[in-house]
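Same chain, two partners: chain A is paired with chain B first, then with chain C.
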Partner chain A sequence: MKCAAAHFGELMFGLKRKVDVLFVPLIYSLPSVLRGHAVDSLACPRVMAGPEMARAGFLREKDLFAEAGIRYVAPFVTFAEPALLPRQLHEALEGMLPGLTPAETEAAVAAGLAALERFDAGLRRRSREVLARAAAADSPVILVLARPYHMDPGIGHEIENDLQARGYPILWGQHLPTDADLMDWLFGEEVAAGLVRSPFDISDVWPSSYSANTNEILWGAKVAARLPWITGVVRLTSYECGMDQPTFTPVQGIVEHSGTLFFSFQELDATKPAGSVKIRVETIAHYLERASPGIIARKRALLPAACPLTPATAQPAEL
Partner chain B sequence: MNDISSRHWRPRRPAPLGVAEARRAEFLFGDLHWRAERLVEAAFASEGLHARALPTATRQDLMTGRELADIGQCCPTSFTTGNLANFLRGEAERIGADAVRDRYVFLSVGSCGACRFGQYHQSYELALRNLGLDGFRMLLLAQDRVDQSAGEDAFHLPLSLVLGALWGVLCAEVVQGLEYRTRPYEVVPGATNRAVRESIDLLAEAFRNRPRRGRKWGSLLWHVATPYFLDALRQARARFDAVEVDRLRPRPVVMITGEFYLHTVEGEPNYNMHRWLEAEGAEVHPASIAVWIDYLIRFAIQEAEDRRAALPRAGLRIAAARGLQRLLRFSFDRMRRALNDVPHGMPRQEEIRRLAAPYFHHRMSGGEGDMLIGKAIWAHRHRHAHMVCELSPYACMPNTMSIGAMARVLGDHPDMLYAPIEVKGDAEVHALSRCQMILTEAKKRAAAEFDQALAESGLTLEEARARVAEDPALRRATWRVPHLGRAGAGANLLLHLAGRREGA
Partner chain C sequence: MRIVGLDVGSTTVKAVLQENGAVRWRDYQRHNTHQAEKVLEFLARMEAEWRLEPGRDRVVLTGSGAGLIAPLVGGRLVQEVVAVAAAVEHLHPAVRFVSEIGGEDMKTIFFTATEAGRGKQIYMQAACSGGTGTFIEKTARKLRIAPEALQAMSYAGRTLHKISSKCGIFAETDANSLLKSGVPVEEIVASLYEAVVYQNLATLTKGNTPMPEVLLLGGPNCFFRGLQEAWRQHLGLLWAERGVALPAGATPETLITVPQDGLYYGALGCVQVALGEAAEGAGTYAGRERLAWWVAEGQHEAKAKEGGAALGGDAAALAAFRARYGTIQAPRPARRAAHDGPVLLGSDFGSTTAKAVALSTEGEVLHTAYAPSRGNPIEDAKALLREVRQAGFTKIGGLALTGYGKDLLRGILGADEAVVETVAHARAAIEVFPDAEVICDVGGTDVKIMMLRQGTVADFRLNSQCSSGNGAFLQGVAERYGIALEEYADKAFAARAMPALAMGCGVFLQSDIVNQQRKGWAAEEIMAALAAVLPQNVWIYAGQLNNLRAAGRRFVLQGGTHRNLAVVKAQVDFITARVPDAEIRVHPHAGEAGALGAALTLRDAWHPGLRSRFRGFDAVEALDYRATTTEDTVCRWCTVNCKRSFIDVRLPGAAGRPWSKVPLDPGWERVIAGNSCPKGLLEDANEMRAVKAAMEESQGASPNLGAVVRDEAFRAVGLAG
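And now, the complex of A and B:
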């Protein structure tokens, strides 16, 4: 939220080239691989309403947008219900782009969503390649469980880069592979036993599954607990994140119960705690080096012998 | 580790509650004010079920909640978690942990979109695990259902009980409305409190003896149509008839808004704000649970309207929701009428939405959404209050957003007296001091409004007092002061004495 408010000011007053339109969608819901398996796929209340709060500061005494010659456009958008997007965006954009038709908006939305899907699929494919290499060499991988904004180096402080520099491949929970063969290998027995309805069902650990990103963090923890080569999980949370707060214990419980190492960086703020990060990274590397072989062997022994990540059986198929 | 069911971490799920067990169990609930809690208990009793409201949370509960659950909770979660934990810990020491598991069942709300309000049960579960009470049964109320496994023997709250509890909340609310419009003006200190206690006692008796008229639709029809509760409310009115008031004392009217738990509860979780404001000379316009329910229905209608093309039978759903809204208003207004319309009415949700629209999108969910902004403007525009006190929990995600958006409202309405109070639970002096700064202005404004009304009436204060002395009805708590465009009861009364009438 603090970043959003500052970003407004930077865009309005800090750029050499003038901005004509400030486009700040009110994101109500998000696309998610868990959509249909969880109760809902909502954005965090602060993400949803943050632009309304930031805007108020620029309008309180006078219309600073108008003074700067900027048009402020903030459509309400439901990414989890893509069928509604064209209308939501067309209503917001038609005044800004004269002559824009509903059909053009619909086509633009379809193109945008397709691009997002391609991007997403590409990263999931690359994550699978990383895992396949780890499986072939029985070497460890680190999974980062965090909010999407922690990928921003200014917010996540590039902690995962420091770990990668020590030779550990990094995966993000948002881009874990979701291929049917891999999901069946990891969750098939539990689905067959009726413990969960599908590999993406998190109701066994998180019944109030309303929030898209929270759901994905919980699901990522479940994957980490099962995938042998994820031997360490790094949890990032920012200062005062209300959405993360109730998840601390369940996520840690899920990961640690499986014997996987769990490292948490909480209350991250604008200042990078470089010294303490360095010490923590050294500690994490030490434990990963010492414990990974045992973790991989123990977790691997619990799964069916035929692993889809090994070259002989790996046949990715999109769910 | 090799057993697939225990190989991975899962919180222990308590056994489902069967019908026979439900009859023996004691249902625990809380988070309302004491009047509503008494009537909800009585509604359970009328169904042959035992229910007990948890004691109002205390500072000690806050500390326990912080100690037992995850760091960084919003303050209502800490209070309610600690409250449940301390109660059960005490009971476990008294009768043993196994007996506590058998005897008690906790009812909790389990849905509020992405806001943590709907995830409180995670904190409760964690706290109880930390106390060695894992496996304790909690039923999540998801607005329209109880979330527990299906099965022939599984207990589900019957509609007749839900309606009884809802009617209990509404009846308690109108009594509360009358109470808060009376106490600041009572001539004999303590008379209002006595009338309230007696009223709630007789209403509780009425709810306990509530006739059974079917479990579903028959019960709904009966609740909507029956004069049974209105008769009980009229008896309550008779208790208030005996309370003499002197409204010719200018009092600032302070409307309480904010997060649901903090604006509803009366006690340490909100620094006893209601009592403190009265002690400081204010008339409190309490927050309304009925308005919140009305908002939830409005929100459901908005969602259905936006998804009309994709939603099966959307038109029917919208019509049904509008019908529910009408039934709610009809029933609430009947109850108010039984108390001579003295309790505050419900603002129209359409107006709340329209007033808030320039500042906050109506589809933003979590907490009270655009309603906090709409209500503040509504109270200011229509002069229902001199000041708005918004009780916002520390670390509340949705409330922070609406308070931020209020910055622009204040820019457009610079004369609005608005006190957003961030409640941490352990920073009372700071919060009350902030409120007092705005309240001082509100007092000045109420006094000026009173003086102006006096001047407009052409009366002296002594003449006005003499007029009131001549007419016993005007000294009765149950006489409704007409709303003549002033926020204060005294100013409106003066204009009434001068012959002004509503709508003129």
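And now, the complex of A and C:
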């Protein structure tokens, strides 16, 4: 919301090249790996309504969009129900793209979703590669549990870069691998025992699982608690986020339950708190360096001997 | 008829008595918060020495403390800027711009010629310390510069450094880090003057150009030679830049004047205002009786109405508190005749003091040492180690460093460990309170709150950008009242009531204190109130922890500020009000917890066969170094252009830096200080390339998926057609 108002102003008055259309979809729901396993995968209400609030500021005294010759297009979109997307977008766009057909819109939506899937799959594959290397060397990995906006350098301040510079690979909860073999290794026993319905079921820790990003943070915490090589979790929060507040205690509790270290950066400032970040990064590195071998060993002992991340040791029978 | 002009300011009272156009009597004194008492004293002297007479003579008052006093003596109240302007108009008809800088405020007056005479445009700010006398004095105190020396320090020709001009608190921090990187105090003071002039011009000109002639008024402008030079330099440049024609033969030096009696312009202006009004107007002196009544009784009645309960509570509560916390501080270990075994030395190079703890290999605290920080880490280290050696500990089994100076000194002293502050503090806390959950460390310039989980620091709040909760602020106020820090608690507990101070920015707190003084609250009452407001500032304002309960139940209070029992009392009251079942302990080595924690961390990894890297007392004592801060040491990696300092230390076997812009012979090691990011630790492009390659290599081996997303999701894609 804070970002949106400034962006509107910049796009309308700051650019040399004139903007014709301000396309600001009201995103109601999101695609999510937990879709079907959680109650819903809605966007945060502020994300959905934020653009409308920013827009209101530009209409208060007079219609600044009309004055600047800008068409404001804000369709309501449901990414979690992709079948509805072509119609939602066609209705919004046909006025500004004369001759746009429903079939063209449908094809564009399909291409877009496929690109998103490729992007996600690529990142999940890379995360798995990182974990496989860590498993082979029994070396530690750090997991960041945060909102997607924390990947923006202006919001997350690239804090995790400083940890990476100290030799720790950094994974993000949004792009953890979801392969069946790995999920089975981590959650198989609990699914078999009927404790959860699937590896992606978070109802044991978060019953009101409506929000897509919140759900993924909770699920990421469960993965972190189980995966031996994730020895430290870094939690980032900003903007006094109302969706994050109730998750602080459960996320921390889940992660720490297995002895995994938990470090939280709450209420990240708008300006990079460099001095404090430096001290905290040194603090995290200090504890991780000392505690990681023990954490890896303890968590590894709780899981089945055959690990899909280290197939050579996992399947000696095939040799 | 005599006319008295009284300027009741935030730190001083100035008075003039004029008769038949001539000043017969004048005086200027600090009031030490007793404004009414000082005014009463002045009036009595004027009555005795110059026959000031009630019912005949007139009294006109101005200044931040005048509002309360004027009605008590029948005086006429004049706004400060109006008073100053009146004096300037009378005494200096050619002046077009006035800067008056006071202790806690600053004003500018622009005079313009209009058809109806001279027009006045007045700007004033009193909400922020940036640009005021306090701004200079606060920092100078910190730099340990005597007032006389400060007055004589020059500006012209000095190398200037970046000091935040916006806030006195930030400026102090900047000055401190400049000092730590070896910048001479003269250059820091010159930079302070630069910041003051900049701030006055930036906030109080509002688009107007200060035209000649210029008058500089108020204590700081009158007393500080360097500040006058800074004004001349800046206004001279400004006039040249804006094409302001100077009268023939005139220079900025001759056009900018500082009158001898510049302190009295507020008071003199009061007299001018009175002269311009009919004699029978308001302001006929009513005598001293009501003011005397106010001093003796009135102020106590007024404040009793609005005051809060005593900090100490009733006698029983205070006794119970003292029984529980009064003797918690460990006594300084008795000096031993001899300690044969090796000692593990932990040293904390903090912002205000350097501390050391000597630990036996069994973990017993054998000795604690202090050296006030003089800002030069190498000198601080020498002083500290000298003290340890003199105490008889010569066999060093290991040396661990913590605090701001740890990285800088590690190689130079040959330390075995550089322990980050949080870890050191947590280690010290766990030693006395193994299941501690929250550590609150209130030090000299920063506040640290650490939340512990599983014996590690899981969450950490550092407040180094705001002084509101820190110990230096408390110390500063105590110093202003001339009360030793050791007596703080007894004074505060003696107060039977205290004013309610507002939580928040230290600068506003400071003006709130001035307000309370004005209402007649005495030093000890304000000190009690200041201790009482500290926990709010620490936990809520600085730490942003509104829900203390969620942070934990077991609290450890550390840091030198918690040696002050008044602060401990306030903390205990504050915490137990929110967490009724809280267990609160004060670390027995509160002041040295960092150093102790460093030593304990070292001890965790220590075993008898370990060889320390410590260079030895003689080698450290003989350390030869020089500090360079010039254009050549400025960091050019980004546009911030940090003013770095190169501290070059003679170390046997060091490679030197013949390729450097500031070449270094073999046998010398360079430590770079004053940089604000790790990039600045690198001197030039060659060094950068090597480090970058190493960084990229490590990034390849340990990727950051967030960075991959940043690169790939926001990659620009060319569209076909």
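Throughout what follows, the second predicted complex is superposed on the first by the 311 of 319 C-alpha atoms of A that agree within 3 Å, B and C clash if a C-alpha of one lies under 4 Å from a C-alpha of the other, contacts with A are read in each partner's own complex, and residues count from 1 in each chain.
One rule holds in what follows: a residue touches a chain if its C-beta (ideal position, glycine included) is under 8 Å from a C-beta of that chain, and two chains touch if they have at least 3 such contacts.
It should be emphasised that the depicted structure is a prediction, and the values quoted were computed from it without experimental measurement.
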item	value
Combined model on chain A where chain B meets chain C, clash or fit	fit
Which of chain B and chain C A:151 touches, first, second, both or neither	second
If touched residues of chain A are counted for chain B and for chain C, the larger one	B
Touching partner for A:12 - first (chain B), second (chain C), both, neither	neither
Chain B versus chain C as contact partner of A:276, first or second or both or neither	second
Which superposed partner A:243 touches (first chain B, second chain C, both, neither)	first
Which superposed partner A:218 touches (first chain B, second chain C, both, neither)	neither
Which superposed partner A:92 touches (first chain B, second chain C, both, neither)	neither
Partner chain in contact with A:268 - chain B first, chain C second, else both or neither	neither
Minimum distance between Cα atoms of chain B and chain C in the superposition (Å)	5
On chain A, positions contacted by chain B and by chain C	248-249, 256, 266
In the complex, chain A residues that touch chain B	1, 26, 28, 39-40, 42-46, 48-50, 52-57, 59-61, 74, 76, 78, 81, 83-84, 189-190, 193, 195, 204-208, 210-211, 214, 222, 225-226, 240-246, 248-250, 253-254, 256-258, 266, 302
In the complex, chain B residues that touch chain A	1-2, 4-5, 7-11, 70-74, 110-111, 113-116, 118-119, 121-123, 126, 140, 147, 306-307, 309-310, 359-361, 363-367, 395-398, 400-402, 404-411
Residue ranges of chain A in contact with chain C within the complex	119, 123, 126-127, 130, 144, 150-153, 156, 158, 160-161, 164-165, 167-172, 175, 248-249, 252, 256, 259, 261-264, 266-267, 273-276, 279-280, 282-283, 286-287, 291
Complex contacts: residues of chain C adjacent to chain A	419-423, 453-454, 456-462, 464-465, 544, 550, 676-677, 695, 698-699, 701-710, 712-713
